[in-house]
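What follows is a pair of complexes built around chain A, which joins chain B in one and chain C in the other.
This part shows the complex of A and B:
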């Protein structure tokens, strides 16, 4: 990929806008972010990063490509194979797709067993002539059984000849209905020759070839593990990142597209720093299964004091008989029913030992539920606030315009509102995931430090959020405050993420669920105590 | 005239002119949407001796680019042949009838011959695994079922 260097400059310039820091305050922000000023060499090795102070611990290397870059990458590879192997470009493309764009393996296999490799890839060694539309005397099409004079027909190198109309129908079906492109075979039974792009051009109309090319680009990105589409709607960019699956337990590979969409390269989710992919998956599953149900259970049910089955009281008296274990108890005090005698309606048994014991046991089983709800509610709250902040951002643009009018400030001078809004959204997203992360943390000193960081960020975000909602006339006066707070929020976020990422990379976190911590790295030195 | 009609017209006139191979008979072809054919095996495979089986073909407007829907139908004198790839409701699990295995070069005659040889080559007196459950639960058309063509030898 010789196009790399020129692309590096693009993401980096965008990145600086994106990056929450250094827009208004220069204190130490530069230490964290100037990594993208230097052209990065090809090697993307996270291990090296620990020694370097150049960038934040949680940053990873990646590149963003535009659709035309993706096209060029393919063209370059195709050209290369085309020259080395002396085959046509279309055939080179088919070969490359067959080998999932692994050029080295392709060349090796071709050198080793040429004809066999060509055949399994769907190519023919037959050099006779380039396929073209022909009128052959006495030709009858095997698909439509047409045999008119002057019928135009087409055949790939295999010689299976069909009329142009049938071929066209066949290709339309494959491309439009089945969404196939890379492996459309000759219509003949048991012939696995692949239709090449040039033949396709001869046979179908422009809109179909356009779709064909789009499908091909899609398979190109999907075939390469180091490439991923930006998930933003209408964004056609592709991100390249060399993160390995096995590294996902020590790094959270958040990438940011040129369109400013931030997403995780390791899993199909949005940016979820600081929580690692595995925990995010667990958390999302738990939320999908649990959250509403858990809320309801908490509000409407109690557990049987003996077997802990969850029981909903749907009317009737307080004399409960557990359907599962037949235990009889009082719904009010949870004590043994037998101790109630005849005075049950007063339920004056509050001090009875059996009642307190039962309530203790009940309390314990509730704790885990309440614990979950604690984290879930905060997680959900930040998620909702982030969404509201996004709506707010749209209003912000209006605010910026009216502020310009009212205060006589220039467009540049009101940009602080946009940065504030951006910071709010990014920080909220981070906060949201800190709660999912914290849910899985075991209690220890590290967790406490984490919670302190979380608290600091949360407080900063809340106060910025409040400032931001002020009426327009007050916004101008609050400019300095807002700028300061914005920068403070961003700093707190960086501190929190750095701390979490560092500990994650070093395998220091203790989780209350199964999670394979990475083996501590040698380079970490004395700080790696467990 | 649609693509399918043209082709089916040609197939029909070919069938009427030089008749079908032994063991295959056209029962009815009243329109270009649904045809019925009878098939029987030609060897002495004990599983299918003295039996005739009724096939129903349904053609879409995209035939032969798209495969037809082919199933066995049950009548008083036409049972559903026993075969590890034929469900007791007549649905056939055969790759050439699926989008992936189909080739537009195939036709009604060639499908019948394939099914004939599918029966001839079989010596297992059994239904597919999970037949009962499938027959009870299936509401999909044969072309929408995701068959897993696990065994190409039977």
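This part shows the complex of A and C:
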């Protein structure tokens, strides 16, 4: 980076709200809803008018649900369909799953062609037979061929009757081994009746029904495009966000779970602001690819001008003789050695035509490699530091305890260390992705502003990081300083992300790779899911 | 109940002997092991396979009938839905794990295999080239299929070919 002019991007306007955004998701104060801790419960539509309700341009609207909320959502929908259509709750659930929880389409289709819809969803209109365990005289199970007296058997409304042992084994295998729940059919050939939750309760034990319910919850979340599991290990929360695929080139939809895990709603990756999903995908692929090995080869080796064998020069003079084809050439200019005339061992023929092409290709390769490595090293460095910061966080917790003991500070008074540690991690993550983002940026004024913001954030982060390594006894004295630096880091991060998000939303960035520049924000309305 | 499959297998085998299915000869090579069947499918009349005898090895998993049987051709056959190699894997939708139902009888599976010889399913092929030929150059297909019959499917069935087939080999 060679631009040294200090760029201050209007700091006064950013003063108001500088909370690290994972500490507080509460975006509005609606309280007429069951769930207490979610951000903005009233509306899941993406707010298109940035700036009015938002604290930052890059913020998107989303809600976090806990497992019981997910259960309630399903129960509510099931209850609704159950009342509107006058069918049992179990049947309503099967119908809803069949229609991927699209209640409107479900009701429409049922009104339109009731029996056909019920049948394709795996339901029967037969109301006479209530499925229960029965002992039927002279019954022989068609699966195991057992026919002993008193054998308990079960049949769905279709009447295909099998013994409970076979039913149990069938269900256990489907649920435990195949991970199937929503689409378990009657064991009979050519019968597509779906086994409902109540029948399952009759047949299997508690642990299996628990697993069955978990699987059903999983399909519920997977069936709805606006829901996504929090990827944190051991976290069972679900995030709802109405972001569309086509929005992803102008928004980086980062969400933050109640467990404080930050992740991208648009792709399977962690929080990667400010880089858009598409560039992240390209970057990760590039970093994983062997193409960079090839880059190294072309930067560190040359090809024999005649037979194209790859040669690495490991010392010696410039007079090369290809081991394979015995071609003699000059390592410096790649030209024929014989053209060097009497100036042996001293190539002064830089302008020689026979060597220029090879040298050009060589130079290009070096430039692109060095450019990549510039960004990659910084990216990797912040990634590593973020990882170390995570370890540091655990140490911080210990520090906080000892600080409480040594300085007599209360638990709440030492929380500044936790905030500082969190800020460090979040900022490093952002920095890391700024380098992936910058790799794809074409050089222009915007890019320079971006790099200045990047530099400011980097300096702020390093200076906070330094504070953090102080011995425990000094931490108490540095409290004000650490708090200032934490707040400054968060502030710089918001400035950088705001600037990037704004330009992204307006389609102002110029990338050096193919990236479909978005239409301006206002032009695209929100569309409904299929 | 250790192996619910066993009683069922005895019954299925008895049924097959009592009412032999059309065009199929069923045997169990090792009477102490009902989990392996040898079946000869006689090439259905009025098809290119007429006159051929096709060996089919049926390997039943231990948790049969809750898991689908593994069915492979022991005899080489020129067919869009059977791999053109020594494995003889078959593409049959009822044998896929997600479609298999424990109430399906083995004899229906075997009849489905025989039906495949009467009516190949070129739109769901295992051998794309043969399927293509079947659809676009029927004459050539028939010629090739007949020459396979003449070369491999005449005389007594050789079961050995199918022996090395791994039991896990899934028919796609």
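Note that the second predicted complex is superposed on the first by the 402 of 530 C-alpha atoms of A that agree within 3 Å, B and C clash if a C-alpha of one lies under 4 Å from a C-alpha of the other, contacts with A are read in each partner's own complex, and residues count from 1 in each chain.
Everything that follows uses one rule, which is that a contact is a pair of C-beta atoms (placed from the backbone, for glycine too) under 8 Å apart; a residue touches a chain by one contact, two chains touch by 3 or more.
In this text, all values refer to a predicted model and were calculated from it rather than measured experimentally.
Undergrad: Check chain A with both chain B and chain C modelled on it and let me know: fit or clash.
TA: Aligned through their shared chain, the two binders clash on chain A.
Undergrad: By the touch definition at the top of the document, which applies to A:187: first (chain B), second (chain C), both, or neither?
TA: both
Undergrad: Based on the superposed arrangement, let me know which partner A:142 touches: chain B (first), chain C (second), both, or neither?
TA: Once the two structures are laid over each other on A, A:142 reaches both partners.
Undergrad: I'd like to know which partner A:102 touches here: chain B for first, chain C for second, both or neither.
TA: Once the two structures are laid over each other on A, A:102 reaches no partner at all.
Undergrad: Between chain B (first) and chain C (second), which does A:226 come into contact with in this model arrangement: first, second, both, or neither?
TA: neither
Undergrad: Can A:173 be said to touch chain B (first), chain C (second), both, or neither?
TA: both
Undergrad: Following superposition on chain A, which residues of chain A contact chain B and also contact chain C?
TA: On chain A, the overlap between the chain B and chain C contacts is residues 142-146, 160, 162, 166, 169-170, 173, 178, 187-189.
Undergrad: Report the residues of chain A in contact with chain C in the complex, numbered from low to high.
TA: 142-146, 160, 162, 165-166, 169-170, 173, 178, 185, 187-189, 191
Undergrad: Touching chain A in the complex: which residues of chain B?
TA: 3, 6-7, 10-11, 14, 62, 64-66, 96, 99, 103-106
Undergrad: Using the touch definition from the top, list the residues of chain C that touch chain A in their complex.
TA: Those residues of chain C that touch chain A are 1, 4-5, 7-8, 10-11, 63, 65-67, 97-98, 101-105, 108.
Undergrad: Residue numbers of chain A touching chain B in their complex, please.
TA: Spelled out, the residues of chain A in touch with chain B are 142-146, 160, 162, 166, 169-170, 173, 178, 187-190.
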